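So, here come the structures, one by one.
Next come two complexes built around chain A: one with chain B, the other with chain C.
Right, the complex of A and B next:
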């Protein structure tokens, strides 16, 4: 067990956690965009900046990647922190100006008109949540971060339809700006951003199109105990 | 590209996924770029998802997914070269080769790239042809380079830049 102080509150916590996790578990809100409790730490959005004091030295650092070490003091809302966060938000918001979640976070930070602008923002802030979800949770490895610097983007390999994508929609579930869209028409599902088209399984009973065939095949390979051959003939409601 | 050649490279590195960059660079040396099929083959051999290889191949300047040409011209655009007129040299090469920096001529002979400093500022402006440094380059010297590569050039009046 280690003891850390966040905003004057002494907290005892397990070793091996990061500051952001500890803060969130104890009801202290730190804004964040690229952190998800079930995914690896990335430290990409820099919105969760806090001031950490360790051995009389204070510095600004991303709380999602900073370990909760014995005796550190964390300030989550000082003027310094707010100023740094505002700058970060001013750079992120223009990438997804239409995202309600970002707009709310920005107005909380007191930003009305960001000083930066991008041409043709597509709503993606390169937080990498979709990539990590696809890789770590689903292990389909359909999309990836590509390029570097200002051309950094998230895309399927070779910018082609990602045949490894099983259409599970985990990426659009974790996306903080909702820039990944899904369309369903008849028995076809389309993940718009990756230009992935998938045929859906039709429930033998209620005729609902409930799951992409690719996802069923993937699930059959993943499960430890073999499933009955007819397990996916019916949708979960009719099973 | 012969898959046996690729396999030889992979075996040299003991098929170790943590040697991915070395493997990609060695494979690229044989073909001048990394075609999609090659990345997919390496992905199978190493047991690494092709997304990881794509991420690495697009991140590093030394790796290319497009054919890069038999000859490489790198024009230095660092500060010292820039103030001595590197942009004019680049403009000329782009015009004569009919390509933009970062592209390759359609016959896959010459690739043109910019670099941001090659550490030879005293020689600026500078172009590097296949690893060979050509210092204090001007449009006349650029013409010579292109002629050496068997290219037609547009003769222009040389204006001295001091």
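Right, the complex of A and C next:
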């Protein structure tokens, strides 16, 4: 057990956690965009900046990647922190100006008109949540972060249709700006952002389209013991 | 959204706010719904719960399953207490006694506590426009006291106070349309959900939480004890209820209807009714009447969706 101080509140917590986790577990709200509790830490959005004092030295750091060490003092709402967060938000908001979640966060931080502009924003803020979800939750590895600096973006390999994508839509659920969309028409599912088209399996009994063929193949490949050949002929309701 | 999202469920939190070890029946659909609702809402929640199954099974003194502030109140005033909590929190935040942040206030009750006994408190709360979420866990009768009929019990269902016999077909009235009553208050968000479609339920609860102003979520909770079916089949029956059109899943956002789980062709209603003990007495004529009504309501709902898409 380690004891840390967040906003003057002494908190006992288990070792191995990061400051953001401890704060959220104890009802202290730190705005964040690229953190998801089921995924690894990334420190990409820099919105969760806090002031950490360790051994008389204070510095500004991202709380999602800073470990909760014995005796550190964390301030989450000083003028310095707020100023830094506002700058970060001013850079993030123009990338996804239509996202209601970002707009709400920005107005909370007191931003009306960001100083920076971004040419044709597509809603993606490069937080990398979809990449990590695809890798860690699904292990399909269909998308990746490409390029560096201001050209950094999330792309399928070679900017082509990602054939490793199984159409599970996990990226859709973790996206903080909702810039990944899915369409379903007949027996075709489309993940719009990755331009992935998937054919759906049709249930032999009720004729419903219930799962992409690629996902079935993926599942068959994953289970060690072979399933019955007819297991995926029917949807879960008709089995 | 989708029928099978195996991996999407992994994006939900791993924390349990409704802990295990409670005393619900095996295969209780309501506990599953409660668990999912609170996974969606997170830790900053205050719950006011009416009397009912959920209160009995989750809080036998000195134990509790609730890992959050939870108030048990009488049958009739869950909504009134929730609004009081909301007003109290607002006042404390204004005075600077607690940090200014979003705390979700939830009123929860069963179908009896919502559609029968708690209706006037709920109506008042919705009309006053408090920023809270009201969740109705509808298991279609007073299951906790021994399966008595409520106004939410569907037509022909046999309960201990509406027994089926040679004269009466069981429940003689139709299920009260609670979502429509809530929507008639012109509140920003109304939805129906079912734990058989977990991601759909979670998305709706999240939307309800984010909506400023009152939101009403009506959740069908399959009750294996009261409905008379094996406990392992509750997910199947939840899905059948949706696919036969007996309980369509839709949401009403600022007056706009949207069907969230679309069923291109409704399954015959018998597949849902016949395996349940409470419907085992129904004759083909009764089935015909129910099927007609269900088809009519489904058509009406689709018309409403079309009409909302017009403007």
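Criterion: the second predicted complex is superposed on the first by the 231 of 239 C-alpha atoms of A that agree within 3 Å, B and C clash if a C-alpha of one lies under 4 Å from a C-alpha of the other, contacts with A are read in each partner's own complex, and residues count from 1 in each chain.
Just so we're on the same page, a contact is a pair of C-beta atoms (placed from the backbone, for glycine too) under 8 Å apart; a residue touches a chain by one contact, two chains touch by 3 or more.
None of the values given here were measured: they were computed from a predicted structure.
Contact with neither chain B nor chain C is seen for A:118 once the two complexes are overlaid on the shared chain.
When the shared chain is aligned, chain B comes close enough to touch A:145, but chain C does not. Of the two partner chains placed by superposition, only chain C is touched by A:237; chain B is not. Touch counts on chain A: comparing chain C and chain B, the chain ahead is C.
Contacts of A:41 after superposition: neither chain B nor chain C is touched. Taken together, the chain B residues at the contact with chain A in this complex read 36, 39, 49-55, 58-59, 65.
Here chain A touches chain B in the complex through residues 135, 141-148, 157-158, 164, going by the rule given at the top.
Only residues 24-25, 27, 29, 36-38, 133, 137-138, 168-170, 172-174, 182, 184, 189, 206, 208-211, 215, 219, 235-237 of chain A touch chain C when the two sit together in their complex.
On chain C, the positions that touch chain A within their shared complex are 1-8, 10-15, 43-44, 99, 101, 199, 236, 239-240, 243, 264, 267.
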